[in-house]
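The same chain A turns up in both complexes below, where it pairs with chain B and then with chain C.
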Partner chain A sequence: MTRLTQRLFHFAIVILGVTTLVFIALRMTGDPALMLLPGDPTPEDIMLARQKLGVDQPWLTQYITFISSAFRGDFGVSFQHGVDATGLVFERLPATAALAGSALLLAAAFAIPLGILAAVYRGTVIDLIVMVLAVIGQGVPFFWLGLMLILIFGVELRWFPTGGYGGWQHLILPSLTLAGYIAASTARLARSSMLEVLGRDYMRTARAKGLALHVVVLKHGLRNAAIPLITFLGLQMGLLLGGTVVVEEIFGWPGVGRLLLQAISYRDYPVVQAATFILAMIFVLVNILVDLIYTVLDPRIRDQR
Partner chain B sequence: MTPRVVPIKPCAPDVSSEKTTFRVRRRHLKIVLPIAVLCAVVAVAVFAPALAPFDPTSQHLSLRLRPPSWIKGGDPRFLLGTDHLGRDILSRLYYGARVSLPIALAATTTGALIGITLGLLSGYFRGVVDSIVTKLIDIQLSFPFILFAIAVIAISGPKLYMLVLVLAARSWTTFARVVRGETFVIGGNDYVVAARALGASQPRVIFRHILPNILPLAVVIGTLDIGALIILESTLSFLGLGVQPPTVSWGRELSEARQYIQLAWWTTTFPGLALLVVVLFVNLLGDGLRDILDPRLRAR
Partner chain C sequence: MNSKTRTLGYAVALTAAIGWSCMAPASAQPTGQLVIAQGTDAVTMDPGNTTQMTAMQPFNFVYEKLLNRDKEMKLVPELAESWKSVDDLTWEIKLRKGVKFHNGEDFNADSVKFTLDRLRVAGTTAVSGGFTTIDKVDIVDPTTVRIVTKKPDPLLPARLAQWGAQILPAGYFKEVGKEGVARKAVGTGPYRFVEWRKDDRLVFEANPNYWGEKPKFARVIFRPIPDEFARVSALMSGDVDLVVNIPVDFVDKVKTSGSTYLSQTYASATDVFLLGNDEALKKREVRLALNLAIDRKAMIDTLFRGFARPIAQGAAPTDFGYNPNIKDYPYDPERAKKLLAEAGYANGLDLLVQSSNGYILGDTLIVEAVVEMLKKVGVNAQPRVLEIARRAEMLGKKQVSGMLLANPGSTLFDADGIVWRLLRPDGLAGVYWPRGQEGTDLFKLMEEARYTIDENKRRDLYYKAAEILHDDPPWLYLWQEFFLYGVSCRVSFEARVDTMILPASVSVDSAKKGGGHCK
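And now, the complex of A and B:
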């Protein structure tokens, strides 16, 4: 059990560090009162607005208030919209979750089989094609991939809408874009971890006792190769969550990322803090989940406890 | 000749055999093409004012959104067409190279200096230094970096040095992690132990005996890192958080062109292709260098 508590402690530090950083960064420049008031506000107007927003307090007071209420899920009221910031973020969360989730599934569904194929048929044309695709994939800026998908499937072929939110058709292009962001590295890792497993004695034994190639690869191989892969995918969640910001912006997808970008340009402190805090929490929860999946997959880790 | 203290790594194969000579040459061939392409890109960047047919900011408002010259309606003076303000896309591509490459290089160098130093210290002294450095790396790796970058730049304002610092903050961990591991290994080698037994000071051991053996690896990491940083820079510029107009950058270009995607495919296609080509060949160069400089990494 010590491993899990150690991890939890580590993640708590991460979340605290991230929120502190955001808190400091947000207050380095820019006065939200000035951003919100229309026209030429008088000094009195500014003072009043600052008081109302709570930004007239010393930083330390603001920070302590912030941390203590953050862990109650209370980030205050959005400057821009006048409603509860946490509520705003949670409203947008399903859209982001749908996008990140389908992208992760898409990437895993394409990249892992391709990586395994490349490893099993190492040195053949299959391997070459997969590796060339992966190298090109790693060179493509994913936001440009999104633009190209819009251009081809949205503007030219008119198969899918170029943006917005609605049915599954709206989800296809954004999640393909986001999947493209992590597919290449996932395929490479799937290939190299499978290659490592393929060279093991137990694989040869399994083949020698007459099991078919696909049984050996999928049962003996994949189960062992899955451990580094799952850690990797857990860490990729960080990239995915960051990537959603960009993809949501391109496709006009009404998720947390777009909310965050808007909030940043308006210096809407409560929303920025709520969004980063909640995204960091999700990332941490996913990685704790990954830790738990490990123990199911790998008895060696399970028995350490 | 003075005796060499630093042993040469036994990575150079036996050149006497004809077969291996050929293999070495073939391995070297892998970096010839990337180097040639990247040299061309650098040349374009350096000589952009001479090469570009137009000033990248000069507008031809009567010639807005003209397609590339080989397409009907294209103007032969604008090879790759014009953007929404009638600016020549080719010239803007040339000038864009002057921005993306230096920023990525500066960021990687900064990241390398920080990362190598911390990696050496933590790998050599271990103990407290090591646990602090590893914690820092862990924290950094366990947060969506782009969120951090967006937050910091959005707030500090999109200044060029902030952009470089943020990119460097992304890059140092890679250096630190790998250098730390290598220092562990090299620090245990007989010649390092011997140097210490002969009374070499700690800085001398670190800089004279360990560092030279790590540099090839650092070159490989650095090259592979530049590609990632070019993409990150263009992403931030695309979001309006990186390079600011009137400075031309490929990422910025794409964000402006985005609104005209229905009307003019060329405005979004070419800057992205430029990015793709540069990043692709930087990555290929990194892969090739890795094969040559560090055969142990080749399996991955």
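And now, the complex of A and C:
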């Protein structure tokens, strides 16, 4: 229990740090009033706009207002959209979650079995094929992969829409693209952690007592190889949240990434602050979840606490 | 998606498909749908809170203004029936009768007064800068208003047709507030708001009670597709019918696919390099030399495949006050060198050449080309790329050093907006330019034109000003921008120089389609 509270305390510091950094970085790099006004505003226009947006106040005053309302989940009204910033982020969250989630599942569903196969049949043609695929997968820029999928399955074959949001058909190409982004490294890690486990004494013992290969690999091997894999996939969540930005741009997917990207270029402080806060929370929660999964998988970790 | 909604989805798709196949040209009832793809989504439905082109396009379908512009950019009545200047300060507008907003509210003098009162105070909305010449709005009767300006304003009618002048329903605004208006549009236009899933789709449907020509489509959908390749792909696959901003690299693809065609127009904006506060740039010889050192034709041909056209005065050929007698600058590096030597820079001149990346079409490529050409005449040009907020800050604080790529344009299609807004002594580019200061001949010409109601007199004043702007260039002129659309062969589309897509410019009239590119 103390360990958990300790972890939670760390996470609170992480969140506070992220939001404060974002708060400062935003204010150091541009003036939202200038981004909102047309072509050639007069100094008076700029002053009035800054007053209206509340960015004419000293930073400290702005920061105190920001922190105290952020505690209530209120990040203010978007400069650009003219509506509640937190609401804007939550509207987009399901789309991003669907994309990142299905990509993670797809990557795991394909890459882990392939990695295990490559480990079990190490040095054979199967191993070679999987590893060549993984190297290609890691070398291909994933935005290029997305464009090729659009060209082949959207324009030529017309199996799936070229972009947009809606039914499962819309989800296929973007989540494949994003899955491709992490599948290669996942497969390689699955292979190496399985190889390590396969060499252990308890695996030899299990085989020696007459258990079939697939039982040994799946029951004893996978359970032990899973721990580094889970850690890795948890960390991939951060990469995925970053990757969704690009995939959302290519496929016109209405997610948080695109909202954030646009908000950054227009210095829409409330939206950037709300989005980074919520994304940081998600990242932190995933990490807590990964910790919990360890304890389920490995009683030794549980006993340490 | 469960099976029920999926079945429903198929049913809708099937209905839409049947809608298409049954559609007769110029049918009385609106059928089928029109899907328009732009690079980004509108950020708000409030015309007062945005200056983004991508928001203007959907506004054209749902809102209306008192005046609008026809294909030749001539002002025509929309929600006004007529307008006239009563005296130097007063304009009388007669309003169309029997028009209703989509929520049932009447359109009348109250709506006009409410809308303009909201805009005319500096700083209250993002578009207020264009309405501050208005002193007050008087209601004469429910269908007549009088607009009084602070000084004589010949551009007042043009202001009523510009961005932000969309007439809003006063009652609805008061009922739902600014946030409500930002989320849901209620106007008088031929299409009414159905649904907006931000960054995914904005859906309008035909307004059955529309006062004017019946809408041609049952539904109009705007979809943002940020990636250029994806946007063209969506057109090729038939997912969308009309795509804006086709990159020049995709022109052949759109022309030869057999199911799509290209529509093009010059745009109201011009590309120029603003000249900053460097000592050297205060000299006429240097500014002239820069203009002679650039091979505009070569750049237009290689970067834009010939679509843009060179300019050599402030206004663009489509603006009021453009002087057609002024010739383009020749490409003359020898004379440029000579002029630089005369100005005392025979041994070179250090100059920053700046742009943002992706804000103006081809911006970083333009900078690269210009840097190379300037080096040939002995200018030590250094390229620099700016992030757009940094660029905005530079412009806002009027602290430009070296050259900065910009695309001034006037939504009023008038030399005042494109030239004098920037070149007046306190304007963005005027602060560094000696020829426009108070008391100079240009200053007198432009200030007189600004307050002259008589059109012919104003034109003459601008013609004279254009000669000065050619003789002593305030910046490095490049070209008038262009705009390319990709259009599906299922619809016909006519591009306009204001780059607006209006309900009237898209139809299913097959006679006007494709210019031979459709099979």
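By our rule, the second predicted complex is superposed on the first by the 299 of 305 C-alpha atoms of A that agree within 3 Å, B and C clash if a C-alpha of one lies under 4 Å from a C-alpha of the other, contacts with A are read in each partner's own complex, and residues count from 1 in each chain.
We adopt the following convention: a residue touches a chain if its C-beta (ideal position, glycine included) is under 8 Å from a C-beta of that chain, and two chains touch if they have at least 3 such contacts.
This one's a predicted model, so the numbers in the text were calculated from it and none came from an experiment.
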| item | value |
| --- | --- |
| Side-by-side fit of chain B and chain C on chain A, or clash | clash |
| Touched partner set for A:Ser265, first chain B, second chain C, both or neither | both |
| Which of chain B and chain C A:Gly164 touches, first, second, both or neither | second |
| Touching partner for A:Val77 - first (chain B), second (chain C), both, neither | second |
| First (chain B), second (chain C), both or neither touched by A:Leu279 | first |
| Partner chain(s) touched by A:Asn287 [first = chain B, second = chain C, both, neither] | first |
| Chain B versus chain C as contact partner of A:Asp201, first or second or both or neither | neither |
| Which superposed partner A:Val14 touches (first chain B, second chain C, both, neither) | first |
| First (chain B), second (chain C), both or neither touched by A:Trp144 | first |
| From 24-32, 258-266 or 276-284, the chain B stretch with C-alpha clashes against chain C | 258-266 |
| Overlapping contact positions on chain A, where the chain C interface meets the chain B interface | 29-30, 147, 150-151, 155, 162, 249-250, 265 |
| Residues of chain A touching chain C in the complex | 29-31, 33-42, 44-49, 51-52, 77, 80-84, 88, 91-92, 95, 147, 150-151, 154-155, 158, 161-168, 249-255, 258-259, 262, 265-267 |
| Chain A-facing residues of chain C, complex | 1, 6, 9, 40, 43-44, 46, 49-51, 122-124, 126-130, 163, 178-179, 181-183, 197-201, 223-227, 229-230, 233-234, 236-239, 387-390, 392-393, 395-396, 408, 421-422, 426-428 |
| Residue ranges of chain A in contact with chain B within the complex | 10-11, 13-14, 17-18, 21-22, 25-26, 28-30, 135-136, 138-144, 147-148, 150-151, 155, 162, 192, 195, 235, 238-239, 241-243, 245-246, 249-250, 260-261, 264-265, 272, 276, 279-280, 283-284, 287 |
| Of all residues in chain B, those that touch chain A in their complex | 135, 138-139, 141-148, 150-152, 154-157, 227, 231, 234-235, 238-239, 251, 254, 258, 261-262, 265, 268-269, 271-272, 275-277, 279-280, 283-284, 287, 299-300 |
